[in-house]
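Contents: one structure, followed by commentary.
Chain naming follows the written order as A, B, C, D, E and F, and within any one chain the residues start at number 1.
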């Protein structure tokens, strides 16, 4: 019998998504007290699941949360959740695949920090091809909001936690100026940090530049680009990058699990390079990325254009 | 027929708490993308509900979230939730009363920032008298963790949001040194900021000192203490306070909705004053607080001692 | 015989403005190495000239520039320049009156810092009533740009110097989002600093708040508002103000020599108060300001509306 | 007929310098709202003009100023200005060659940021050989002033703008202690930044160190030294450098368009190395520089002694 | 029999100073791991000993050092040390009186932080009237060094500890420019902090300004000036003060135990006010100070002029 | 005749240690105004004395102190002090060897900064094998205190001075939580700096990481590890390291003159790697270190276990 609703793993069982319901005293609902990780499929194949789970483990260690599952178990469940949901995927679509764990439900009458143990969810959701297709055609208009990225002395940006309000406030700020714009927050020193779940690269005189890992979540897609660049004999420099560097770059692009690589058209309304996207090095990296994942992800996005 | 389970308001209805279940794609579960406020009852009477709702409104404005309820409606619901749950309260107990609202459930396939509209919860929970009773007898041992409070240029500490991981990491750090210790985070300049939902006061030469509002959530209990101090002709100074100020204070205490006032016994294991708690000014303020709320809250806590 | 062109003082003489021409090696053209001050007339009467010249003196001392004129001389010249130009003023118009002095023309072949002595200009220009009239009707939409105000450890914001590029870059940034918007730069800690030649005030619960002088140029109009507030028995607090404070203010307004007082409609597109401008306290201060200067400056602006 | 006065390009024409006169409402006179670049001749040959024009373009892009000339045109004009002025040059002299552009003259009655279009100047001036000759004989006494360099979050130090007051205040401060001293400003973290139009290098154990580009204007002479060092198989490290690094360096030197390379004798009156200038590696680089430009620039300076 | 050598208290005994010898493994010799306080006599009477001992106690608490003496004992010893040494004092001289305690001698073979217990010294030394007399005649030339004062997040400036190297490096820096200059270090934000054992006051429009206690050691002389100012109906404001504030002050002075009040002649070679010292308010405070201590300390200094 | 007491060099003579007594007015006792360096013996052979003396020279230059001895003399004295004391060393023990110099004794009646010239001490002391032996068995429990390391803009961490109170306060803080814990202070940006006389290394995916020299004293042992790593073909990266990096490292260890290499068991009570010490790379480096110094220093420590 055909399945009418996506399923997800929830604390030991795979159930219809509508049954994955969180008690309101869960600490992740109340405090964002949880961590997650997120990969995607390419033509329905999961990409770099182990690399994502490695990072998930580091986030869990930092936060002091233990989901109690072996690596083997979480791998197998992740694969099963995708497999069970593939029949629901439309032609040419792909999934985000996420693992999420909260510290659990607050104990009533207990101390602030005590909980009844973690809530664990493994789930997938179709990628937003339609909503973002125009970005591959036009390039992304990036705006630096006035709000700064939380510094590592307060909360490590390397942890993929459920505390996203800083990034959300930055994104809402720039969308109030231009609903199509995407934010890249500056760090507390005024250098480029990151967008919501995304990394930024600049290209200048044939060299790739991207912010240091200290101030950003080092995305798996970012790491993939670094590896592809090395194969293409392109130099990649991790360095503090200023708005000046962005304004005077030859090319720029954003990486994220969902985007892979998407070109930037402008920073704060200053056109990058000659304004044509993608620039030649962005194009080479995009092609190499598509080869690696054996999926024309740009075409996949562009096919969803009105 | 007697009610066996607490009830809560959830998106238009008052239902048993076990039915207040949040879809896992709710942005507050995934991102802490929500705000809340929290007051308490004294002998079952709600304390300063309007002041809390004023702050709630400011948090909502900052976050750009609209719960769609009038002040009158949210007041009436809050009162009804408490009233409906009073029969479940044991003798000598009181309630925390909370209003929580998330930005809502992420739209699948939509843009990052789009949601299906807010989830609104109004709920109450018994205060943790037993878990904290010893703190009124012994005073709180405060430790300054190494992690610093998120600065206002990144996320306003004046907003009571669902992003608490910074405070939680600080608290877990100090509890790993001493499970009974409470954290007060320092701000990024090294001055005292705040604990998890709590404010700190120092007393020196008969004057009260507390950190400026810029770096902390200005608690309603903190404000109440300021008002009581003025009635008692005590000077209150809002100022940057250093660990030196804490170590050399004559007395110190913590305020929060649940604590009202609770004395501090030590900072980083340096005994405050002569180590006897509460100190004389803390005692006067505590008595005045109890008078104001017409409830011996200290006795209420101490009665729960082993 | 009627004068066809405005005149200005230039190094000892009053000449037609078109003859006030600066050698291109003047250090203020090359380096912004000069200071100035700027007042205005109300119904053709000069406002607080001595207060402006006091500040001018402080700027000169800081920069180590000496224009060689006595206070009496500079006062008399300023008055004469205005008087000579009044016939050119259209009905209902007023003048900006400025004193500017550069360190002078670089010595060719000399050391970097040596010059041939100061260039001194005293001039006036009609106020931009038409360009700004809508701001009194609609309120100003203020945006905080991502670029931060230069901190006092680098160059004192209290000096009215010819180095404005930091402020200009902030203003161009926000005008690229919305051509009608005005910038208020945040300082390097993320608190409100100032706009281009303007100060910002917030009103909250009947109290006026404005940033401390450490991080802003303390405008004479700002000072005038403080004095008027005291006469109106309004409390004025100089304090660090965050975007949260701006978003949650009841009213807000900008002061500057040209604006006097002009209401703010929004900060970062968050409407201030109920969105009606001016708010009641802004209105009272505006009226008091008009009384003080004996000029309905708001009406003066509004009469220039399309 | 012999030309009695240097000529310069000014908005489309080459005219005697005395006719290059700027209206006093030009935004670069009033606000330093302009950018420039500056190269020099060696034995009357222009050095790395294209590299300087590349940087000029980046400064223009950052500032949002457009001079409207093609690269070919600006090159040709620059060359012509030098050629026309060569006859005026004394034996053994050379020229600075500068391109300067302001945003233009403020529109009277318009908005703050509107101007009547750019003023463009291309000019040359004899290098100050006499004033600086002793520095090649004695080495430069560098002092770190108390004023800090403007940080990149406020105004990019990579832009060669007309806002030099921060650097000027630092230089005047140290010259008040010792008229022969030169300033190198520290950045806001206390690391070495740059002097007025100059970069600093340290030599330690045979390795060259110079501050990172983030906090300084990356001079073309600095870049030339880096290239020469690579040819000489010397390692060059761009790194944060502290006063300790300066005090304990074996050698140090300053680079600038006019200096090329000039040895440092002391930092804050602590003698560098054994006090003999130039040190051996400075000497090797100086010689290589002279070879590259085919001009004994040190001899050129020293010939102007006494 | 007349005493030929000053005596001092050393760990329980009063002995000739030449017998107060510290083992070289004492932690204060090796690490500056000690605290002290210092008062003076006026016409041989000890000034505010209890206030100094109060501060001494706070320093000891911060450092975690316990000298084991009662307040009564330390008072009595201090008085006896002065009394025993008075016969050695020349006509018109006075004493500094200091209490010093180190954590003690490192245990050989023990852990880093363990010691054999405190070394306690109480001693007096003639004030340097001759070396400083010219400062009362000419005023102090203050220079802000490039080195910044250690911030409170690293070591509280409120503690009078034996770690003075930061202040010493600042003082040596300015004395290398001008041997007669005195340093006032700026804090890490660039505001005025303090000199070596001294505080700074500015006078502007009849109001006294001095840096906040957060960034400086709040001297007893500073506190005395605050009290005298209040008696003289002068307003005193504790506030962040910038170099601009110093340059544009009407008057300025330094306070310290030895100086009491000594006028400032210049900051960074910019003359304060009209250059005549002391200014009128400085003079009134100086006279009031002399009245309070019943000693013409200015005359006392000036009598030592060559 | 057998020597009963260790001897030390003191201002020109080698004397019994009990005769190395410092006048209490010595500036290093009063202000920590001195510098030192410290090496050790391995099986009674002095390790890298010249490298330590090189650093000693840099510290002296920074502090502006001159001990007046040639390198040859200080080397010879150092060797002689060790040689003279070797007979007192128990079987299997080794010495710390230190050179210390203070600026000297304050001149009574002179200016603050004047002294009677340096006091020079060269001495040795047995290493604390017994007190620290358990650390090699169990690994070190490192805690990051709340107090931050003094930044280089205030006092260079590269100077081995007698101002250790910042480090001492950090160490006492963590020992108040756990007497066996060792501190590693964070710098003012929240990155790992150093412990008291020790450096920290992390190992991640086979690569070694250690904080940059800007924020720490670059230990000779640290440098030795870098050299050994290169011989073992291990990559070493000097980089800003966050608590996240520490928590998620595979291995970690501390280096110091006394420790050489000692494994870290936990950071802030989060176990490093699997908790077994030493980790494989730490073990390889330890073995290589032992080979280099031809001394099984780990065995040497472990033999002192209870």
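Operating definition for what follows: a contact is a pair of C-beta atoms (placed from the backbone, for glycine too) under 8 Å apart; a residue touches a chain by one contact, two chains touch by 3 or more.
No experiment lies behind these values; they were computed from the predicted model shown.
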item	value
Same-site or different-site touching of subunit A by its copy subunit D, using the half cut	different
Selected from C-D, A-D or A-B, interface repeating D-F by over half of its contact pairs	A-D
Distance from subunit E to subunit A - Cα centre to Cα centre, in angstrom	57
Centre distance in Å when subunit E and subunit F are each reduced to the mean of their C-alpha atoms	33
Where subunit D and subunit E are represented by their mean Cα positions, the distance between them in whole Å	45
For subunit F, residues contacting two or more additional chains	64, 147-148, 151, 153-154, 186, 190, 243
Chain pairs that touch, as defined at the top of this document	A-B, A-C, A-D, A-F, B-C, B-E, B-F, C-D, C-E, D-E, D-F, E-F
Of all residues in subunit C, those that touch subunit B in their complex	186, 189-191, 240, 242-245, 247-248, 270
Residue numbers on subunit F that touch subunit D, as the complex places them	58, 61-62, 64, 151-154, 156, 158-159, 212, 214
Of all residues in subunit F, those that touch subunit B in their complex	143-148, 173, 176-178, 186, 190, 243, 268-269
Subunit A-facing residues of subunit B, complex	8, 10, 17-18, 20-26, 28-34, 36, 63-64, 100, 102, 108-113, 121, 123, 125-132, 147-151, 153-155, 161-166, 168-169, 171-172, 175, 188, 196-197
